[in-house]
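Have a look at the structure below, then the notes.
In order of appearance the chains are A, B, C and D, and numbering begins at 1 in each one.
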Amino acid sequence: MAQAEIKTQEYWRWPEYRMTVLDRDWQKANVITAGVDIGSVGSKAAVLVDGELYSYAVQRTGGVSEQTAINVASWALEGTGLEIGKLHYVVGTGYGRVNVPFAKRSITEIACHARGANYIYGPTVRTVLDIGGQDCKAIRCDEKGKVLSFLMNDKCAAGTGRGLEVFADLISVPIQEVGKVSLSVDQEPPPVSNTCVIFAKAESLALLRQGWSKEKVAAAYHAAMADRIVDLLTRVGIEKDFVITGGVAKNMGVVQRLERILKIKALEPKMDPILAGALGAGLFAKALYEKETGQR
Amino acid sequence: MITAGVDVGAKFAKVVILRDGQVIARAKALVGLDLLKSASDVFETALKDAGISRSDIQRVVATGMGGNAILQKPPINADQVVSVVVAGAAGVYHAVPTAKTVIDVGAEEGRGIKVEGGKVRDFVINERCAAGAGTFIEAMARALEVKVEDLGPLSLKSMNTIPMNAQCCVFAESEVVSLIHSKISKEDISRAIHDAIAGRISSMVLRIGVEKDVVLIGGCALNPGFIPPLEKELHTSIIVPEFPEYIGALGAAVIAANPLR
Amino acid sequence: MIDEAFTQFREWIDNRHEYAKAWKEKTGNKVAGYFCTYVPEEILYAADTLPVRVLGSHDPPTVTEPYIFAMYCHFCRDCLAQGLRGKFNYLDGIIEGQSCIHLRQAFNAWRLHIPIDYAYYIYVPHGIQTRRAIPYFREELAQFKQSIEKWTSKSITNQDLDRGIQVLNRNRELMRKVTEYRKADPPKLTGLEAMEMTLSSQMVDKNEHNRLLEQLLQELPNRKLDRQSNIRLMIIGSEDDDRVFMKNVENLGATFVVDEHCTGTRYYWDNVEPQEDRLTAIATRYVNRVPCPSKDWPELTRIQHAVNLAKEYNVNGALIIQNKFCDPHGIEIPPLKDALSKVGVQTYPLEFDVTVPWGQFRTRVEAFLETLTGLEELF
Amino acid sequence: MASRVEVKEYPTEPLKCWEQAKNLRKNYYEDYLHAHEKGGVRWAGGAWSFSSIPAGLGEDVYCITGEPYGATVAFFKDFASKCHDATEAAGFPRTLCSYMRNYWGSILLDKYILTDGTVVDGYPPPDFIWQDHICCSHAKWYQLVRWLEKKRGKEVPMYSVDVSVGYPSDFAPEEDYKVNYIVEQLSDGIEWLEKVTGRNYNDSLLCDAVWNEMKATSVWAEVCALNQGVPAPLDEKTMYSLYVMGTLMKHRPECAAFYETLRDEVKDRIRRGIAAVSNERFRVITDTQPPWGFLKIFREMEKYGVVSVGSLYTYGLIGMWQYQPDGKWIPRPIPPKKPQTREEALQTIVRWTMHKPEWAHFYQPELKTKMMDSIVKQWKVNAVLLHYNRGCEGLSVHIAENRLGLIDTGIPVFPFEGNMGDERDFDLSGTMSRLTAFFESMGLRKLKE
């Protein structure tokens, strides 16, 4: 009996990375805090010295969030001479926020993304769109990065990072590339009609088999994704300045389509927007530490 | 008389070659973007396996999502296309003649078919939501970070039931993630996943009514974790024929052998 | 005593079926299931029949597919599923008082597919804002009373009706008294406790429920809840008996201080005002009560009532619960949001299904609580 | 494909009164739009509202009924999806009635669409709302129209009639206290109409309107009864453009007149053996509103020689029927004499309306199953296609029970999910492949590409 064996090349798997800001020295700092953002797909740790980003790491969330938390935090500290024990205060956020063993407190990614966006993009930010692995959040905030109101996508992951991963796999294009690929069409095809991740995949597959190019299908998929996200944004109401955080913020295919539909430009990120949640948590950690030690 | 059935499914293409009612070859492979090519390759393998050539085969009947792609197209030159429902019924009649109810769970579709002597009396196919289909299991396996084939066995180790809402596949996936984060064991989560999918399938099949014998076919029939909860939901024992994923192709081959059906 | 009382409420809910069966044993009388709070229980109590409301089990209703298309709310499917699974096989009758067409399907499927001696549908008018509703409903009630008399083969006298009215009014008064103590800061009881009080009252003999409420009320004033909670929440919307959700939310440090649900205050907010013609008195109560949105037109009176509650109970924010596919409540979400925000009450909408995905909802609710407190001290 | 079966081809030809139908619809929407320019009054309400009552306000009273408007929107998918986005942005759940969402969306976008797809800027608000409450959404729908208009600074008075008194038997007199409950609301309504319009009410116009309505709804049933002929002179896709007149203006004289012309033409088609579908060989009926954006499924069906001869929906949403003692289901004959007074008119129209065939299943699924079974037998139907319509809880209510009931009668049943007004809930390719599988299991083959 013949049986072809199954190869799985993981186009959805994005690279994990870390970095240290060399021109900063934690030895000279009064307050060393960290924010650990355990998302449903990616986990991020940001270490802050006196409220400035010092080092960070981004990796995929594992099955056991405690372990993931320890791994990502340790990796962020790698080679800095710092260790988890030396951190003054750690705040956990994201899906697994309550499972960060060394965090003194957990705060939702909603509050953290608003605060983090305020740090990354400055006080003019009023609307934050965070496109995460399985959730999509539209947040309205004030000049301090305090949340005024927010909305999350309904119980459907269409228009989230997870959907993109499934799609990248389908058209065998690395996840970091799909956005770019989707833009390389001379004319925008109609969006895939289906929002359910599985059916959108099936629909895209059918299109590919009808002879559509990868680019064209990618465009159709991204367009549908953008439509979904716009629905959410219009519900919460969009006000300038508008920024996008989370992993998908790096997907030009989604971002440019959003900007086209909304007729509003998203601010250029000064640093990796996937860090917004962890940064916000780190900043809250600083505030909490100062509160605890009576410095505020 | 030699006939062949080719089932071009959403994930796999399957071929069955029949000589006077006896299966002489089976083959399957993942389908790529080019349906005709994928199907033809599997077809070739099956021919080799049977030690015959296309000209030895009187009739070829195609079925499955991509069946039309090989209709009267070389090298297979299928003579006819029949729907998965009709093929499934015919295949089950050949494999388990006593069957009254057929449950067919493939990659993207779940189906329930009421059969009488190989004829379709009524059927139901899952509509817009893919929960309750093979892809669902795959997505869950990825969320749990276990191999798809391990998920079923894992679930059998669990003693606990956790209600899980499987309306939407990815929604369920998020539930899985939150279960992971709330320290539920992989065994229990796998169990919850299979209970949920069994719930979806059975509630669909109940529409057409469940009459013994109940036969489970399609790729998901290979998943052991799926059968106990399904039997529990439907209050009946379930028969899984040999090579359940080939039943559609078998049915097509059977229909090819009896063109007057 | 207080904790015993609340434990008793909880146990009544957890053992609802055992309770009803035992009651039947003990009294030899009939037990009637009902779906909607528009069923005039006064008349059933007058006939010494125990009305028990069919409420959620929160098991996925996997057996209802053949009878109810899944675009109808999970609650009506959950109700039917329990019937089909034999959970209510002790019922002598099943009754529906007209409200939404979702529950109407649960009733009809029950009538058609579950063996039961007696099934009755009361055409409770929808036009409660018209002046014609009360006299019309009085006629419907007369027919219902007749039918019940035939079924229980005992005639219902004015004294019987007074007895029925008295026990229900008493139950309503007592539950309203308990609710008063939710105004206190911190409140004297949690939202979960309040919910369990109401749910149990829809399941057990109200005479017994009243006795327990009376005892509870003696000590409640002196109760100190030892839980620090700084956020006063309101919960509003469709039928809601999801105790797990209440517990989880209150574990996050908020307290539900009032609700607007037919499984909450809406059930006991209005009494029957005595009149010479008892049926007119009852009809008047059900026509003028705080309405289900399905009957609340052309004016949006329920929303005004919800706004008043929000003010009286001094709430910081409100969760708007919509059972997926519940049209009457779904339609009112935007005006309700509007009206509440006008009095400074922020809201967050949540779509409920038969099981609530706490993992997902937790983030929404926690973030909502954070926006209410604003994490002020951290900015 | 294996050998094709040769089938007899019937002669076919387009309907002569087609243009007349088109114009009636076109004018209807434009009359509403321009009512004020002619000094007229315009009102909004449902297709089932007692439209003959406002007719007593004068000859220059124009209305727009909500469901047909929602369907018109649905027919133009791009505009429909803009409407859905607008209502969801406003915070309404997407699971609500899709006609209602199309209608609200049109208001939120402040755009008005005509039958030919022309989108006019500025949604014309009605002078008053005259509605009845039949499902959970009907009065709520217009209550929210009112709320939306108020946000735009326009006060729209609303009156809605409660008809939720159940469904009377064909073989016993209606219960007076139920009839009177509705009649009293209507007479209160007349006073209300006078108050909000400042006009004097004309009872003889009311009597005319009631008479027109009974004629129109009875004659439409006669037209449908003619479709019992083999080959069917009309197919359902065509009937959709014809029954709609009754949903727009059942109380108007031109409606009754049009149905009489149509009836005579269809009789003539029967005499000459003219078929709607030339290769008719398998007759089906459907149920509930179709997914309006996808009427091509009917053309696909024709490739298999399948013709839909109608549905309880097309026959009985507007058409009035009744059972004879012998069990035959026939067009409901209109009363012997025209009502002369307000009281007579109200009594007559209420008793008439209570018997709407499509009203029965709201309370008793068994009655709908019985009517569908009568259609199957009297119209010689081979199978029933049930549209589980996510867009309309009112007409889909109890539909699963109807499926079970029909299966018991031995007729093959094919249920499919969709939505009359929201294309996101309808999967064309999936539905077609399931439908094909069904036809195959019925022994049918594709006759033409």
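Keep in mind that, in the parts below, a residue touches a chain if its C-beta (ideal position, glycine included) is under 8 Å from a C-beta of that chain, and two chains touch if they have at least 3 such contacts.
What you are looking at is a predicted structure, and each value in this text was computed from that prediction instead of being measured.
Of the two interfaces, A-C and C-D, the higher number of touching C-beta pairs belongs to C-D.
Chain centres here are C-alpha means, and the one lying farthest from chain B is C.
In this assembly, the C-alpha centroid of chain B lies 41 Å from the C-alpha centroid of chain D.
Taking each chain's centre as the mean of its C-alpha atoms, chain C lies 36 Å from chain D. Chain B and chain C have centres, each the mean of its CA atoms, that are 45 Å apart.
Contact with two or more other chains is made by residues 91, 400, 427 of chain D.
In chain A, the residues touching two or more other chains are 95, 135, 155, 199. Within chain B, contacts with two or more other chains are made by residues 128, 167, 171, 174, 177-178, 181, 207. Taken pairwise by the contact criterion, the protein chains are fully connected, each one touching every other. Taken in their complex, chain B has these residues touching chain D: 65, 71, 79-86, 119-120, 122-125, 127-128, 207, 259. Against chain D, in their complex, chain C makes its touches with residues 65-69, 71-72, 98, 100-102, 104-105, 108-109, 112, 121, 123, 125-127, 130-133, 136, 139, 293-294, 297-298, 300, 322, 324-325, 327-328, 330-335, 337, 349, 351.
Contact residues of chain D toward chain A in the complex are 85, 88-89, 91, 423-424, 427, 429.
For chain C in complex with chain A, the touching residues are 346, 351, 353, 357, 359-360, 363-364, 366-367, 370-371, 374-375, 377-379.
Chain A makes touch with chain C in their complex at residues 95, 107-111, 135, 144-150, 152, 154-155, 284, 287-288, 291.
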